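What follows is chain A paired twice: with chain B in the first complex and chain C in the second.
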Partner chain A sequence: MSEARIDGKPASLAAAAERAAEILSAARMPVIAGLGTDVAGARASILLAEKLRGAYDHMHSARIFADLDVMRQAGLMFTTPNETRLRADVLLFIGKDLTKIWPAMIARLSPAEIPAFDLAREPRKLLWVVPGRGGAKLEGLAIQTLDSSNLHMTLAALRARAAGRPVSCAKRVLRKLDEFVEVLNNARFGVAVWGGDSLDSLSIEMLHGLIRDLNKTTRFSGLPLGSDSNAAGVVQTSGWMTGFPVRTSFGRGFPEHDTWRFDATRMIESGEADAALWITAYGPEAPPWKKNIPLVALASPQTAFVREPQVRVEVGCPGIDHDGAEFSRETASIVGRLASHRSPAPSVAAIIGEIAKRIGEDASC
Partner chain B sequence: MKSLVLTIKQEPGQRLDLAPLVPHLLDGKLPKEIAEIEVQTTREKVTAGDIFKIRSGGVDSIRFEGGSTRLDNIGKDMKSGEIVVEGDCGKSLGRNMSGGNLVAMGDCGPCAGSAMSGGRLEIAGDAGGFLGAPLEGEMEGMTGGVLIVRGNAGERAGDRLRRGTLVIEGSARDYPGSRMIAGTLIVLGECGSLPGYLMQRGTIVLANPPELGPAFVDCGAHDLAFASVFSGLLRPESRAAARLLSRPLFRFAGDMAALGKGEIFFPV
Partner chain C sequence: MLILLKGGRLIDPVNERNENGDLWIENDRIVAAPPGRLADEVHDVSGKIVMAGAIDIHSHIAGGNVNTARLLLPEKHQNHLPNPPSLPLSTAKWSTFETGTIYASMGFTTVIEPAIVPHQALQAHLELSDIPIIDKGTLTVLGNDDFLLSLLREGEGQAAVTDYVASAVAGSNGLGVKCINAGGAAAFKYNARTFGLDDVVPFYGLTSRQIVEALQRAVEDLKIPHPLHLHANNLGIPGNVATALATIEAARGERLHFAHLQFYSYGAEGGHGFSSAAAELAAAVNAAPNVTIDVGQVMFGQTVTVSADVLRQFNGAETARPKKSVIHDGDDNGGGIVPYLYRENDFVNAVQWACGLELFLAIDDPWRVFFTTDHPNGAPFTTYPEIFALIMSRDARAEAIARLPQDAVAMTTLPSIAREYNLNEIAIMTRAAPAKLLGLKDRGHLGEGGLADIAVYSPGKDLAKMFRIAHLVFKDGDLVVRDGRVSRYRWGKALKVNPGYDKVIDRRLAGYYDHHFGVSRDLFAVKENLLPRADAFAEVACAR
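Take a look at the complex of A and B:
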C-alpha cells in the first residue's frame, strides 16, 4: 500500500491531500518544482498551478533551456534516432558521457552498421569532439576524436574552417581540424549528436551554425539527447497548455514565462516563493534548494530529503507502476507506456487531483 | 517644475512590475490615480500607493527614493522625460526604452536595457547578466541609444547587440558581446573569457583583453581616424572610454565562425 506522511507520521491519502491543499492555498506564491512526471501528471500540475496562481519549473530546466533558447532565438534542425540509424553516413558526437546520458544510444544508432538507406553502402564515419581522450570510446569502432578542453573554442574553430575562413591556432591543431572538416563537408547526410552539461546555449548555437553552414552544400542535421525525467514531454505539455515552456507563472492570472524570475530554486532562496510542491516520480531526486519552506512532496519511495516534508506521498513510476505517456528518446515523440510491474502506488495526476479537489475556486485572495 | 517623487515604504514581499510608472503613461494622472495603479505579480494585490509614499510633481521627471532588487521593469517602454532611481533595481531596467534619460544610482538585475532602441540609460552600480540582451524568443538585443555601466556587468553583456553604444567602466564577466550583430561595446575593466563569441559585425573595444578565441585573427596595430572622432563623441559620457579610443589599437577580426566582419580592439 502506498505511503503518505504528514510531518513524518503515517497518514491516510485523504488527510495528506487535505493538508497539502491547506499549505499550498495559504501561500502567496507557491511553486511547483521538480515536475519529473508523465504527461497526465504535468497536465494536472499546470492546472493546479493555475488554480493556485503559482509558478512551475522542471528540475532539468538548465539543460532544457540550453537547447530551447537556441531553437527560439536562432533555430535548430532536428532529426530522429531512427532517421539517423537508417541514413547517416557521418556521425559527429559532441560532449562526454553520451552513453551515460542515453544508455541505449549505441543500440539505437548502430554506429557500426552500414546505413540501410544510404546509396553508397559504405561504413559510417564517426567523429567525436570531447574533453580529454577517455570519453570517446565505443567498443570495436574506429572513431576520429578531437580532444577539446574548451568546447566553445573547438566548435568555433571547426565552424570557421568548414566555412573556409582563417583561424589562429597551432599547425598541428589546424591539420586535425581540417581532417574533421573534410569528413563533414563530404557527408551525404551527417548528424551531430550532443548532450550533457558541457554544452551551454552559446556552444549549441555555434554547433547549429555549423549545421546550417554545412546545409549549403550537403545535408546535415542534429540529434540532441535532452534530459531525463520526461523533461521534453513536460515542456511539450506546457507548450500546448499555456503557449510557453516551463518556468511559467500564473501569478497575475494569466501565464507569464520568464526563465530568470520563475527559476524555482531562485524563487525559493530569495524568499519570493513561500511554499513548494516537489514532484519526482521517475527517480529519488531531492529538492536542490537549501532554504526551509513549507514543502509538499510527491516523490518516488527512495527519495532522501534533508528535512522531512510537511506532507509526503510516495508515488509510482509512469510505465512501471502505472500506465503513462511520456517523451521517448527512441522515437523522439510522446509515447504511451503500459505498466511493466503494475502496483497500487498512486500516480502524480491522481494525487494532484485529490489536492485540487480540496482547493475551492475562490481560494485566491 | 518639481519631480514626482516615489519613496519606497518597505521592501516588497513579492516582485513588482513597475512598467506603468513611466512619464508617458502617467501623463494627465492625478496623484490619487497614480496611487491606485496595480503593480503586483502574484494574486496578492499591491498598488503604487501601498509601496510608495507619493509626493506629487511633474510626471516628466520621476524620482524613486530608495529601491529594491524586486522592482522589475522600471522605465520599460520609456519614450521621454527622466527617471532617477536612488537605489537598486530588479530585472529588465529600461527594457525596450526608446527615449529619455534613465539613471539608476544602485545595482540592477539581469537584462537591463534589454532591446532598448534609443535614449540614455546609466547604471551607477553593477549590472546583472545579459545587459541589453533580447528576452526569451526575441531575435535582437539593444538596437540604439547609449547604455553606460559605471560598475561591473554580468555575463553576456551586449548579447545580440544590433546598434547603439554600450560602455562598461568596470569589468565584464564571460562572453561579452556574444552574438553581436553590430553596434559598439566598450569594456574598461577586466574582461571575462571569449569576448565576441558568434559576433557577426560590430566593434568591441577592451582595455584588458583576455586570450581571444581561435576564430579571431590578427589584423595588426592601427591609428584609426574614426576611433579618435568617436573618442570625442564619448568624452561627455565616459572620459576613460574616450581616452582608450584615442590610443593606437590592435585590431582582431572575427568571429570567423560566424560572418567574420566584427572586430575587437585593444591598446597596443
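Take a look at the complex of A and C:
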C-alpha cells in the first residue's frame, strides 16, 4: 500500500492531499519542480500550476535547453533511432558516456550490422569525437576516434574542413580531421549521435551547422539522446498545453516562458518562490536546492530527502506500477507503456487531481 | 432540455431550406417541433442566420510537427491576456485549449487534423484530447512507409496492401487516409532533391503514381467514406500546374481529394517566371466530378509552414523567416517546420493569394471545393473571417487587390471574376459538403435527428465580423458560445473509422517491427486509457 506522510507521520491520502492543497494555495509563488512524471502527470501538474498561478520546471532543464535553445536560435535537423538503425551508413558519435546515458544504444542502433535500407549494403563507418581516448570503445567494433579536449573547437574545425576551408593546426591533427571529413562527405545517410553534459549549446549549434552544410551534397541528420525522467515528454505536453516548454510561469494569469526567470532552483534560492511541489515518479532524486521552504513531494519510495517534506506521498512509476504515456528514447516519440508490475501505488496524475479539486473551482479539464 | 431557436433564417442546403423558421433542440439532437410542449430555453434569433456548425476538413492542429513549430517559435506567440478561471489556458496563444476556443467562437464544431503518421498517433490524440468543445479527427499518413513500399515492391497484391492500410488506420484511430508526396520523403532519404509523379523511389523501384493508385484502391475497397486525401508532388514550385493536371488525370475517374490545391496552381509565365494557372486548373477540376479539392488560401502575415512533405520543406528552408527551420527525417514521412512571412508587396506571395481566390471562385460546384488555409501553412485559421468576406464580396476583393503589386495582379484572372458566394453556398462549402466528404451523416445539416451542432450569426455589412464572432454556438445541444465568447469547456470526440480486415497482416507487421525496428509495434498503439478522458472516440461507419 502506498504511503502518505504529513510532517513525517503516516496519514491518509485524503489528509495528505488536503494539507498539500493548503500549503500550495497559501503560497504567493508556488513552483512545481522535478516533474519526473508521465504525460498524464505533466498535464495535471501544468493545470495545477495554472490554478495556483505558479511556475513549473523539469529537473533536467539544463540538458533540455542545451538542445532546445539551438533549435530556437538556428533550427535543427534530426532523425529517429529507427531511421538511424535502418539507414545510417555513417554514425558520428559525439561526447562521452553515450552508452551510460543510453545503455540500450548499441542494441538499438545495431552499429555492427549493415543498414537494411542502404543501397550500397556496406558495413557502417563509425566515428567518435570524444575527450580522451578511453571514452570511445564499443566492444568488437572498429571505430575511428578523434580525441578532443574542446568539442566546440573540434566541431568547428570539422565544419571548416568539410566546407573546404583551411584550419590552422598541427599536421597530424589536420590529417585526422580530413580523414573524418572524407567519411562525412561521402556518407549516404549519416547520423550524428550526441548527448550528455560535454556538449553545450555552442557545440550543438556548430554540429548543426556541420549537418546543414553536409546536406548541401548528401544526406545527414542528428540524433540527440536527450534526458531522462520523461524530460522530452514533459516538454511536448507543455508545448501543446501552453505553447511553451518548461520553465514557464502563470504568475500573471497566462503562460510566460523564460529559462532564467523560471528556473525552479533559482526561484527557490532567491526567495521568489515560497513553496514547492517536487515530483519524481521515475527515480529517487531529491530536490537540488538548499533553502528550506514548504515542500510537498510526490516521490518514488526510496527518495532520501535532506529535510522531511511537509507532505510526502509515495507514487508509482509509469510503465511499472501503472500504465503511462511517455517520450521514449527508443523511438523518439511518445509511446504507451503498460504496467509491468501493476500495483496500487497511485499515479502522479491521480494525486494531483486530489490536490487540485481542493483548490478553487473545478474547470473540468 | 428542450431548446427553441425562434425565428432565425435557417440555411440548410442538405434539406434545401433557406427560410425563416424555428429550430428545436432536445438534448444533443435537432428535433421536430414537439406538439404541446414548451421549451425550457428560448433564444429569439429573428434577424439572425442559423446554420449547422462548420466543419474544417484540413487544419494542422495537433501532432509532433505542429508541436515542434510551437517550440521553435516562442517569440511569435507571447501572451498578454489572462484567462477566465473557468477556461484554463484558453488565452495561451497556439495552445490546444486556445485552438478549440477560437474555432468554437467562429461557429466551427468539427475540425480534422489531416497529417498524422502512425508512429505519432498517440501524441496526436493526446493533443486532440486537450482541444476543448469541438469534435476532431485525424487522417493517417501513408505512402512513404517502408512496410507499404516493400509490399508494393514485392508485388504482394492489392489485398495485402488494403489489409495493411486498414490496420494502420485502425491502429492510429484515423478517420481516413492521407498521402503526402507519395515516395518523396523516402526518396529524400536517398538524397533525391526533387520528386515528381513518375519519379522512382530508390531501393523500392516504385513511382509516386503507383503508390497513390494503391492507396486510392485500398481506401475504396475498405469503404472508408473519405476518399484518399492527397498532398501531391512538387508543392509550391513554379509551373507545378502540370503536376496538378497530371495528378487529376492519374485519378482515372476514381474519387480523389486533392489537398490545398492553391499550392499547385502555379504557372511559370512572365518576367518573374511565376504566374497563376488557377483558371486552367479550376477548369480541370470542373471537368473531373470524381475530384474534390480544398483551397489552402494564402493570407498576408507571419505564419509557419508545417508539413510532412520533408523534401519540399528542406528545399523551402532557405526562405525561412525568421531564419530557422526544423527538418525531421522521421519514421515514414517525417516533416519540416519553416516559418514564413507572406508579404502583400511580394510578387510571388501576391500571386499565391490571388490563385487561392481564383480557385474558390472559378470552381463552380461548392460541393467539391473546401474552405481551408491549410492552417497554418497558407495562413492561420484565425484569418477565416476575412476570407469569407473576400469570396462573398467583389468590393472587398477589389479593395485588397488595389494594395498588391499590379504586375502580380496582371498574372492572374482575379480582377475579372465577378462571382460572390451567397450564404447558401457558404453553408454547402463549410457544412454540408464536408459532412458528406467525411461520411458524417449526423452533422452538416439542420434536419431532424441531426446532431445539435449549430452556429447562429448576426448578419451585417462587416462580413468578417459576422463570421469571427458567432452570436450563439451549440455543440451537441450545449450552448457554448455567446457573442463570440466561450462560456465553458466541454469535451468533444475524436471521430474514427474502424475498417474490417484480415488480421494476418498484424502478425506480419509484428514480425516486421521486431526485425526491422527492434521494437514492438504495440508501443505505438493509441490505447484509450492513456488519454485523459474516457470515451474519447466515436466511430464513423465504413460504408459507401
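Assume the second predicted complex is superposed on the first by the 360 of 365 C-alpha atoms of A that agree within 3 Å, B and C clash if a C-alpha of one lies under 4 Å from a C-alpha of the other, contacts with A are read in each partner's own complex, and residues count from 1 in each chain.
The criterion applied here is as follows: contacts are C-beta pairs under 8 Å (C-beta built on N, C-alpha and C of every residue); 3 or more make two chains touch, one makes a residue touch a chain.
Worth saying up front: this structure is predicted, and the values here are computed from it rather than measured.
A.B. asks: Once chain A from each complex is brought into register, does chain C clash with chain B or fit beside it?
C.D. replies: They fit side by side.
A.B. asks: Kindly classify A:Ala14 by the partners it touches after superposition: chain B alone (first), chain C alone (second), both, or neither?
C.D. replies: Neither partner.
A.B. asks: Answer with first, second, both or neither: which of chain B and chain C does A:Gly324 touch in the superposed model?
C.D. replies: Second partner only, chain C.
A.B. asks: I'd like to know which partner A:Gly336 touches here: chain B for first, chain C for second, both or neither.
C.D. replies: The answer is second: A:Gly336 touches chain C but not chain B.
A.B. asks: By the touch definition at the top of the document, which applies to A:Gly251: first (chain B), second (chain C), both, or neither?
C.D. replies: first
A.B. asks: Once the two structures are overlaid on A, work out the angle chain B-chain A-chain C from the Cα centres, in steps of 10 degrees.
C.D. replies: Between the chain B and chain C centres, as viewed from chain A, the angle is 90 degrees.
A.B. asks: Determine, under the contact definition given at the top, whether A:Phe189 touches first (chain B), second (chain C), both, or neither.
C.D. replies: Only chain C; A:Phe189 stays clear of chain B.
A.B. asks: Tell me which of chain B and chain C touches more residues of chain A.
C.D. replies: Per-residue touch count on chain A favours C.
A.B. asks: If you stack the two complexes on chain A, which partner ends up touching A:Gln73: first (chain B), second (chain C), both, or neither?
C.D. replies: After superposing on A, A:Gln73 lies in contact with both chain B and chain C.
A.B. asks: Quick check: superposed on A, how many Å separate the nearest Cα atoms of chain B and chain C?
C.D. replies: Scanning every C-alpha pair, the shortest chain B to chain C distance is 5 Å.
A.B. asks: In the superposed arrangement, what residues of chain A touch both chain B and chain C?
C.D. replies: 72-73, 252-253, 256-257, 364-365
A.B. asks: Spell out the part of chain B that touches chain A in their complex, as residue ranges.
C.D. replies: Against chain A, the touching part of chain B is residues 13-15, 40-45, 70, 72, 91, 109-111, 134-139, 156, 160, 175, 178-179, 194, 197-198, 212-218, 255-258, 260.
A.B. asks: Show me the residue ranges of chain A that touch chain C in the complex, using the header's touch definition.
C.D. replies: Within the complex, chain A contacts chain C at residues 39-40, 43, 47, 50-51, 68, 71-80, 82-83, 85-87, 107-108, 110, 116-117, 119, 188-189, 215, 218-219, 221, 235-237, 239-245, 252-257, 323-325, 328, 330-331, 333-336, 338, 360-361, 363-365.
A.B. asks: Going by the contact rule at the top, pick out the chain A residues touching chain B in the complex.
C.D. replies: By the definition above, chain A touches chain B via 28-29, 53, 69, 72-73, 152-153, 155-160, 163, 165-169, 202, 205-206, 209-210, 249, 251-253, 256-261, 272, 364-365.
A.B. asks: If we count contacts the way the header does, which residues on chain C are in touch with chain A in the complex?
C.D. replies: It comes out as residues 62, 64, 66-67, 70-74, 77-83, 85-89, 91-97, 119-120, 122-123, 126-127, 130, 146, 188-191, 202-203, 314, 317, 320, 324-331, 334, 488-491, 516-519, 522-527, 529-530, 532.
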